[in-house]
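So, here come the structures, one by one.
Paired with chain B in one complex and with chain C in the other, chain A is shared by the two complexes that follow.
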Partner chain A sequence: MRKSALFVPGNQASMHVGAFAFDVDAIIFDLEDAVALHHKDSARTLLRHSLSTLTMFKIPKYVRVNPIDSPFFKEDIAQMIQAPIDGLMIPKADAYNLLQIIKWCEQVETQHSKKQTPLWIIVETALGVETLWDMVNTTDRITHVLLGGEDLMSDLHVKQTYNRQELAYPRAKVAMVSKAKKLLCYDTPYVEINNEKGLLEDAIQAKNVGFDSKIAIHPSQVDVINAVFSYTEEEINQAKEIIEAYNQAQQQGLGAFSFKGKMVDKPVLNRAMHIINSIEGNKHD
Partner chain B sequence: MEIKKAAQAGTYESNDVYVQLFENPNHTIDIQLTSVVIKQFGEQIHQVIQKTLKQFDITSCIIVVEDKGALDHVLAARIESAILRSLS
Partner chain C sequence: MTNQAYAHRITPLTTTRHAIKERNDTNFVKGIQTMFEHITLFDGMSVSFHHHLRNGDYWLNEILLELEKRNIKNITLVASSLFDVHQKIIPLIKNQTITKIYAAYVSKKVGEVISEGYLKDGLVMHTHGYRALMLTHHLVSVDVAFIVASASDKQGNASGSLGKTPCGVLGYAIADAQSAQQVVILSDSIVPVDKPEIHSDWVDVVCEVDSIGDASGIVSGTTQITKDPIGLKIAQLAVDFCEAANIIKENMSFQSGAGGISLAVMDKLHHHLKNKNIKALFASGGTTKLLVDMLEDNTVSQLYDVQCFDLDAIQSLAINKNHKKMSAMEYADITYKDNIANKLDVVFLGATEIDLDFNVNVTTGSDGIIMGGSGGHADVANGAKMTIIVSKLMQSRLSVVVDKVTTISTPSEDIDCFVCEFGLALHPRHQALADHLKKTTNLPIKDIRELYDLAISLTGIPNKIAFADQKIGVSLYRDGSILDELYAIASV
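Let's turn to the complex of A and B:
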């Protein structure tokens, strides 16, 4: 059971503290799209000070740096790796530029005697989608994968369709690869901030193909996303009943057993266990 | 070190601060502060300004600080940015 992760503009001082009031699994401070070109330097400095000061907040903190082909990338990495962060978010990642990104991270980490920085990669180019499997097998730094729909649509020269047809294949690929490697995967942000119904439908689509959660680009999106990616009371109760029925069946020496008229086999039991484990896991957060 | 080139950093948004640095012909530090919370935190804000300038060995400048309720670390960051821009 995952909650949303919230993007916060890197240069917006008021949000650096305010973001921690929301019920999210992670805060992602953004040095990329949310920061104007002439504020890149001051955003970086502000963020470094904020991260060093706001250590009392335990919600994991990530920083989205600028892409490797921008003039800001190296300085972003150099300064942010020194700050108390839980990881870096890397835009426009693909199997080819990832090697250079890791090399630069290693250089900075060695220079400052820092341990390996976890990476949250954004898959938002056709090359990124097609080389995702190679990426996740290149390094054990990657902990999260985010699908970046807007940039990907631009790369594909397509427009957003009503039922997000354009994302069907990339979503399936990101979810499948992430699950195969036991990485957390987050769906692309929904950019129509005032369209709650659209966000709800979009989040449900992502959940249905295997995403763990979805990124929020505005605090107003957090509750909708959290609700979609949480288990319902009914699902939780049913999971508990299935596990109880399984325990009874075990005592009676039965293999497969029926529950409310349906045969329960290992995959059904595993899903029930996953639901209960997720809830128990969250209790300890 | 003396500030020779004018520079600015920050915004006028709530919880932020706008900092401007100028050369000071008197070769001293001249702090010009306005703040929405000057009665409550004026002294503390002055201390942050002085401490940050000292960290960068700034001995001469006119610093204009227009505070909109920034926390200490935000003020320090904006002064640092202005100094780095001035020195670049």
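Let's turn to the complex of A and C:
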């Protein structure tokens, strides 16, 4: 069970603390789209100070830097790698620019004696989608993959359709590659922040094709996303019963066992254990 | 008795009420100059006003400025609340036209001058409930009650629900009308009044005026639900706590403060009651569209209304028989056996500060300046079975949780739970409940010190407020006992 990750504008100090009040798996401080061009430098400075102050919060912190083809990229990386963060989010990643990105990260890490910084890549170009498998095999830095639907639609010259047809292939590809490499994958943000029904349907679609969760661009989206990617009470109870049946079978020395008239095989047991482990791991401190 | 002593008496007057007129002989006049010919006012007397017109009120200022023109000094002002619109009286405080004030709430613009030490004989901050008790038991005697009503007949049957500029039920003015030596109704709508809050039997003079006030200030946007996601999160957490603690159930009763987060709790509670098909017995206090919606869709059976905050509430009061008017006595006076405050299951209130002992301050700001007051805070906090404070952990870069509140407005004994965006803390007397909820729910139950430490780690420890030695007033509990003393701020 995964919760949402929440985007927070890098230049809005008042939101930096408040973001940690929400029930999310990660906070992503944004230096890219949320920050106007003439505020890029000040946002970077502000964010670095915020991050060095907010160390009491345990929720993992990521920073979305500006793209490699922007004039802000190098300084973003140079400053943020020195800050206490859990990783960098890289926009418009593809197998070709990723090599340059890693090279620059290594240079900064060496200069400041920093460990390897994990990367959360955004797949939001046609090239990114098509070279995703190469990307995740290029480096072990990548821990998360985010599908960026808005930029991808722009790259494809298509508009958003009612049932997100335009994302069917990219979603399947991102989910499949991520699962193959045991990486966490997050679905594209839903931009209509007041449309709860639309968000719900969009999140369900993403869940159905294998996404672990979905990014929230406003705190009001967090609970809806968390609810979609949580297990239902029925699923949890059934998982508990399956594990209980398994334990009893073990005590009796039985290799195979049945539950409610059906034989339980290993994938079913694994799923039950995954559900219970996820819940235990998500209890409040 | 000298005029000076007269201003400070706290025992009932020996003079007979209505001594200046024959009973059943209400004077109807036009304009305040003529009105003054029919009342007796001299140095050292006390005058009262209600606050149902909030920031749209004209007449508290106008009457007091007229007293200044007439060179009447040492006035005791017995106002249920003072708002920013009343800042015109600041020169009158400075020149000692007004020398003593009783109020349940004083907004910052007026509070500032009191905190600077200009109010000669001091400020008595009380609760709404104690004000009703104080007046009706003549612990403070009012010489003239000026009651602005949106409608009145010529005999003085008056209401806040009718007329050109309705302001809603005049719940706080009833004690004034019943107890003052002389009662003046000021209204711009002289019409027949059915079911009045103020009865002609109590009234000496009805004064027709051009306008009672500014309609936009009377039903202004002071009662908007917060749209701030953090405020909404706090509201949801408060409702989740109530659900887990088995407070939300059939026939429950509740009230909220008028702050944005408290109103958001009402909205969340409404949805919760509706989704679970639970019907509450009553809601009380000041009413808004939120409560009216609950009444109309049957999530609550009755509203008990002491003041209306918006037009929806005013209209509902006129047409819905389950929307009931109540006086401040019925609302919160401890000597009134069936007071509604004592029947409440749960209340959701705000705080400027809450300390590690769970005392709450809603009277003074972080700079020590008076900027609020209990209103009904301590009344319902004491009366309700569960009192929940809802607030952000930090306001304006300062922690709301402090080691010791600047002023005790509501004591620790009456506070049960503090809910902020980073979790909720229960008073130590609810340790068993806290332990139970930790085991059985995912609610972020914290020790209040944890929340304090978190806030302080972000804000640092603020400098102590520098107060002068000059005592400027007291903060009273709902039984009239002194909770705390107020001091002037030190000059910088």
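Everything below uses one rule, namely that the second predicted complex is superposed on the first by the 268 of 285 C-alpha atoms of A that agree within 3 Å, B and C clash if a C-alpha of one lies under 4 Å from a C-alpha of the other, contacts with A are read in each partner's own complex, and residues count from 1 in each chain.
Note that in this section a contact is a pair of C-beta atoms (placed from the backbone, for glycine too) under 8 Å apart; a residue touches a chain by one contact, two chains touch by 3 or more.
Just so it is clear, the structure is predicted and the values come from calculations on it, not from any experiment.
Asks: If you stack the two complexes on chain A, which partner ends up touching A:100: first (chain B), second (chain C), both, or neither?
Replies: neither
Asks: Which partner chains sit in contact with A:247 here, chain B, chain C, both or neither? Use first/second/both/neither.
Replies: neither
Asks: Which partner does A:53 contact after superposing on A: first (chain B), second (chain C), both, neither?
Replies: Both chain B and chain C are touched by A:53.
Asks: Of the two partner chains, chain B (first) and chain C (second), which one does A:161 touch, if any: first, second, both, or neither?
Replies: A:161 sits against neither chain B nor chain C.
Asks: Using the touch definition from the top, say if A:218 reaches chain B (first), chain C (second), both or neither.
Replies: A:218 sits against chain C, while chain B stays out of touch.
Asks: A:21 contacts which: chain B (first), chain C (second), both, neither?
Replies: In the superposition, A:21 contacts chain C only.
Asks: Give one of first, second, both or neither to describe whether A:12 is in contact with chain B, with chain C, with both, or with none.
Replies: After superposing on A, A:12 lies in contact with chain B but is clear of chain C.
Asks: Quick one: classify A:258 as touching chain B (first), chain C (second), both or neither.
Replies: Touch partners of A:258: none, neither chain B nor chain C.
Asks: Please report the chain A residues shared by its interface with chain B and its interface with chain C.
Replies: 17, 53
Asks: Residues of chain C touching chain A in their complex?
Replies: Those residues of chain C that touch chain A are 229-230, 232-233, 236, 394, 421-422, 442-444, 454, 457-458.
Asks: Show me the residue ranges of chain A that touch chain B in the complex, using the header's touch definition.
Replies: Chain A residues touching chain B: 11-14, 16-17, 41-42, 45-46, 48-50, 52-53.
Asks: Would you mind writing out the residues of chain A in touch with chain C in their complex?
Replies: It is residues 17-18, 20-22, 53-54, 56, 218-220, 223, 283-285 of chain A that touch chain C.
Asks: Please output the residues of chain B touching chain A within their complex, sorted ascending.
Replies: Interface residues on chain B, with respect to chain A: 9-11, 13-16, 70-74, 76-78, 80-81, 84-85.
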